[in-house]
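What follows are several structures.
Below, subunit A partners subunit B and then partners subunit C, in two separate complexes.
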Partner chain A sequence: MARFVHFTSIRAVMALFTLLLVSLIVFTLMELVPGNCAERYLAFKNTQGSQISIADIKAEEIRLGLDKPFVQRWVTWVGNVFLHGEFGDSCILRVNINQLLGQKFLISLGICLTSLLLAYLIAIPVGIIAATSNNAWLNGSLRFISYLGLAMPNFLLALMIMLFSTVVFGDSLTGLFSKEFRDAPWSYDRVIDFLSRAWLPVFILGWSATAFALQTVRALMLDENGKLYVTAAKARGLYGRRLLWRYPARHALGPIINSLGFDLNRIFNELPIVALILTLTESGALLLEALARSNDQQLAGAIIFLLTASIVSLNFITDIALALIDPRVRRSVMG
Partner chain B sequence: MTEPLISVRNLTVRFRTDEGLVTAVDRASFDISAGEILGLVGESGSGKSVTAKSLMQLNGDNAVYDDESRITLRTGDEVVEVLSLKRPKDMMVIRGGAISMIFQEPMASFAPAITIGDQMVEQLQLHSAMSKKRAEEISIEMLNRVGISDASKRFRQYAFEFSGGMRQRAMIAMALSTKPKLLIADEPTTALDVTIQAQVIDLMKDLVDEFQMAILFITHDLGVIAQTADRVAVMYLGELVETGSVRQVIGEPAHPYTNGLLNALPTIDDIYAPLIPVPGDIPSPLDRPSGCVFHTRCGQVIAGTCESEVPAATQLDDGHVCYCFATAAGQAGQKAL
Partner chain C sequence: MTDAPITTIPPDQSASDQKAKEAYFTASQSQLIWSRYRRNRTAMTAALVLLFLIMLGLFAPFLSPYNPSIAGRDPDYQNGAPQIPMFCDQNGCSWRPFLHTLERTRSMATNFRWVTKVNPDKRRYIHFLVEGWEYRVFDYDINLPGKALDFRTWGLAFNTHLFGADTGGVHIFGTDAGGKDIYSRTLHAIYTSLAVGTLGVLISFVLALVIGGISGYFGGWLDGLIQMITDAVRTIPIIPLFMAIAAFIPDEWSAETRFFFISIIIGFINWPTLARRVRTHLLTERTHEYVLAAQLCGASASHIIRRHLLPSFTSYIIVDLVISFPYIVLSETALSFIGLGLKDPVNSLGVMLQNVTSADVLLNYQWYFIPVIFFMALVLAFVFVGDGLRDAADPYAQRDK
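After this line comes the complex of A and B, so read on.
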């Protein structure tokens, strides 16, 4: 038990270190974008009709602390993020990023995690059955659905559903809330309204994730099933479900858990496109806005950092889960 | 004469593959008596493992057994027709019940994420209604018996924490804990160091006496067979070519293939002696030679006969049988004199 606590804390420290490294990369990327926040804000003001001078920019830089050395600014940024969960102000909108992102990031994370959960809840049992069943019809149709999910781009699926829904229901199902709830405070009705719309992005993101996970689970199961220890267990008289769950399925679980982290990453990558098409006002859409249109490095940096932090956290959790179920991992990390 | 423990008659196993039916074992017949060690020898791909797995119906779903194939197991008063068992529940008699099996790779034959003890206890409880505590006691006792020190600690460990020889000992302990009548050992010593090999073979011989159990010992190593077995069956391309006692087969080999195998053995007496391999390669099972399957590599081919006709059994001495036209002709000549 003491060893396990030791292992967990080491992994936690490693995860924190990874996050620190990520923050450095993100911060550097933000720096690499030509111009800085001061110039960008004043340029923005310029488009609003104000006259600006070099002195104005200098004054703004000093006010924002941009005259300080790179490392010092990074430390300040990281310190604020880690200690206070504070990302500072957006370059252009000049509002607090925490306020701006608010629940949007949580909603994005929720949508992605739900898709992931859904994908694996379907893929694990179906993949295991498909790998062990000799039913050609079942295997064939599963493979067909699976390839359909892998081959069809998410944006196409989203467009098709929108089109269908517009023709049939007269509502394109876009957005995360209906008009009347968009700016309303959270209430029971608003939650229901949210769920009645959030299923669509969850479904679209979950669709290809399920197809992907299904292939992974099936391949892993086929792999385990062909191993000698399964034959040896059979030779000892084990059969049926007991054999299946205790031997190949249990041993395929480790790599399946391992693939969770990759899949969350993939879903995050697909989210902005789906968000754009469904005009979702969550953080994926905000990231596109910040990166592509307004060039708001502070906001983009904050979102990228949060996304990476989610993936690092999930990987931390899967590492711990892996050690819990696999004695070999436990042994290799704890000696 | 008492009935043998297990009788195999005309065992023919084919596999359905994309290239069509592939014959792995062709009309193999042999007996194993209680308490006897039968060595099954042959090159890789000769059908040794498929033959052995047939005794437990462990060949994959694509295996087809010929209608005339019979495997009859006699345990006490009970007679079991192995190949007519259809449900896995019924097969428990042959799988871990009357027959146990150990494999070439002891590491791979234990489930990596389940302790050795848990796998042993599981098997014991599967085959008899005993308490978990009793099953644990028996398992630890067995581990002790096969020479694993600190057995109660080892019991709670995983296969990857064992050394190679220790794993094979544990595998033997697990296989014998249910007191089978027949142990199938599929190249049990091939993956082990020579010194460990000798230990494991000694252990198995001891256990045969102690448990009054028969062993089907599969190997490509005639040296191991000479030390271990009572009787030998030599297999080539799915067919038995010669059977007999160790003394008969290794002392006075009758089949050209057995001769070839013996000549191919390196000797320690003359380290400069050239090795004489059996010429040619074992043909693909997809393209089995007609007539006698060995005629493509045989030095004693009788033209016009060996390519077209299948040799019948020639009885040499008591229990020494050879399937070869050349041997048959030689014997006929001797009798005529």
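After this line comes the complex of A and C, so read on.
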């Protein structure tokens, strides 16, 4: 037990360190975006009719602390985030980011995680069939359908489903809530309403993530299938599904669990585009807005940081889970 | 002596058997992979499709009758439906394929708007190997900041095209809102997307070999440090990373420079997955005796990695490259789709996909979707070729399967 606690704490420290490193990268990236918050704010004031001079920009920079050296600003930012969970104010909207994001990030995260689950629910059985079945037809068509999700552009799928449902049901299925629930507090009906719409992005994202998951599962199963312990198990009289589940599938599970965090990353990459087409009001769309349109560094940085933090914590959780499932990992870490 | 023992094998068959066995045991790695690959029908079909698409891309200027940029637009045929050359009409048949003449009229009846009408009695014939717009081959002009990366090559100029109509335009995939030929644009887009992909893959390949090689060969604290950085890079979502960097691209860069820059970025972002695999392979390989032998002979680390370790899993690396290719093409597409990647004078599949995002196009101008079919075929072909190569390169694959 003590060893396990030791292992867990080492992993936790490593995760924290990765998070710090990531926050530095994110912060640097946001610095790369041309312009800064002070200019943006005063540019806004300028459109409202007031005259702006260089001195005004300088004064605003000092007020926002932008004149301080890079490292100091990073430490302040990270300190605020880690100690108080505060991301500061948005450059453009001038609202507190925590207030602005609210539940939006959780909704995005929920959509992404469900899509991930869906992708593996399809990929694991199909991958095992693709790796072991001798039926070329079944094998080929199952793989074709799964890969089609990757090849078919997300926005196209979204558009077609929207159009279809508009014609058939008279409702375009866009947005995350119906009109009457948009600002209502959470209730049973609202959850049902949310689920009746959220399945669409989950389906689209999950399908497109299936291809990569399937390739991984199939490759791992093929690798494991050729190994001697499988032959030995066969020699002992095991066959069929019993053999697959007891030996190669278990070994193939390790690397899959290990890469779940990065799969989440891949899914989140697709989210902004789907969100744009389906007019979802969640953080993916907000991120696209902040980066591509308004150059809102503070907001974009906050969303990216939250996302990377959830990936790092998912990696941490899967590491621990793997150690619980697979004693080899536990031993290898503790020497 | 008519009933010879049945068990003896006819001498010629045993000889050919022997030969086949000998060929199998003496075959090189690539011959073995190819012989296994050839037997996989799905993978072979995918390879043929891929080869066809690559050829379309490589010979795009020759195959396309019009300049894909705004210079080649047909002002008389905007948002025009595909024109399929035919051999027969109401006035009889001809060996040479032809199209009907289009007439543009404007009158009181049309509310004074230009209306295009087909005149089925007048024919325009399709000719092959015609002279048309001039194109240059091997003509590059890269002008990145910093003198070292600039280069300019003057290519060769040609103006022969596979086909063209004697009068008026021939648009077999129709035209877009600006009157640009969608067929010509699609072919050029395939070329661009493949080129971005190839450049991106090559860059990430070199980076992955160097970083993964160092990390795997030396191990220890250096490995730990590099892995931590790799994981941090992998954790950051690619699209925002792209967007932050793309926002950095000045507007005045030429289309070609922008294209080159984006390939570099894509390469710089895609290395971690491959680097990790190289590292894992090296970590298991470096404990073998042949590495120790090379070290005792006094070989340097880079020599051992290059000459002894990397060749031991070349096939895996190639497979990984092919598998990562569609993802690189997809990231270019996604970037261009958002509007931060390549822009209009350069055609990429992402730029083409951008045009089909509205419901208006879906309902009224369905021929805009023809490039999407090519895009899907390209991605699917790559994925299936990757799978096939993986299976063929797997030395443990059962031969009877």
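Methods note: the second predicted complex is superposed on the first by the 323 of 335 C-alpha atoms of A that agree within 3 Å, B and C clash if a C-alpha of one lies under 4 Å from a C-alpha of the other, contacts with A are read in each partner's own complex, and residues count from 1 in each chain.
Criterion: a contact is a pair of C-beta atoms (placed from the backbone, for glycine too) under 8 Å apart; a residue touches a chain by one contact, two chains touch by 3 or more.
Predicted, not measured: the structure shown is a model, and the values here were computed from it.
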{"item": "Subunit A as common anchor, with subunit B and subunit C clashing or fitting", "value": "clash"}
{"item": "Touching partner for A:134 - first (subunit B), second (subunit C), both, neither", "value": "both"}
{"item": "Which of subunit B and subunit C A:153 touches, first, second, both or neither", "value": "second"}
{"item": "Touched partner set for A:295, first subunit B, second subunit C, both or neither", "value": "second"}
{"item": "Touched partner set for A:240, first subunit B, second subunit C, both or neither", "value": "first"}
{"item": "Winner by number of subunit A residues touched, once subunit B and subunit C are compared", "value": "C"}
{"item": "Contacts of A:317 with subunit B and subunit C, given as first, second, both or neither", "value": "neither"}
{"item": "Partner chain in contact with A:122 - subunit B first, subunit C second, else both or neither", "value": "neither"}
{"item": "Subunit B versus subunit C as contact partner of A:287, first or second or both or neither", "value": "second"}
{"item": "Which of subunit B and subunit C A:227 touches, first, second, both or neither", "value": "both"}
{"item": "Touching partner for A:113 - first (subunit B), second (subunit C), both, neither", "value": "neither"}
{"item": "Subunit C-contacting residues of subunit A that also contact subunit B", "value": "134, 227"}
{"item": "Subunit A-facing residues of subunit B, complex", "value": "56, 58, 61, 88-89, 91-92, 95-97, 100-101, 103, 105, 108-115, 119, 122-123, 126-127, 158, 160-161, 174"}
{"item": "Residues of subunit A touching subunit B in the complex", "value": "134, 227-229, 231-240, 246-247, 250-251, 254, 325-328, 331"}
{"item": "Residues of subunit C touching subunit A in the complex", "value": "41-42, 228-229, 231-241, 243-245, 247-248, 323, 326-327, 330, 333-334, 337-340, 353, 356-357, 359, 362-363, 372, 375-377, 379-380, 383-384, 386-387, 390-391, 394, 396-398, 401"}
{"item": "Subunit C-facing residues of subunit A, complex", "value": "14, 17-18, 21-22, 25-26, 29-30, 32-34, 134, 136, 140, 143-144, 147-148, 150-153, 155-156, 159-160, 162-163, 211-212, 215, 218-219, 222-223, 226-227, 261-262, 265, 268-270, 272-273, 277, 287-288, 291-292, 295, 300, 303-304, 307-308, 311-312, 315"}
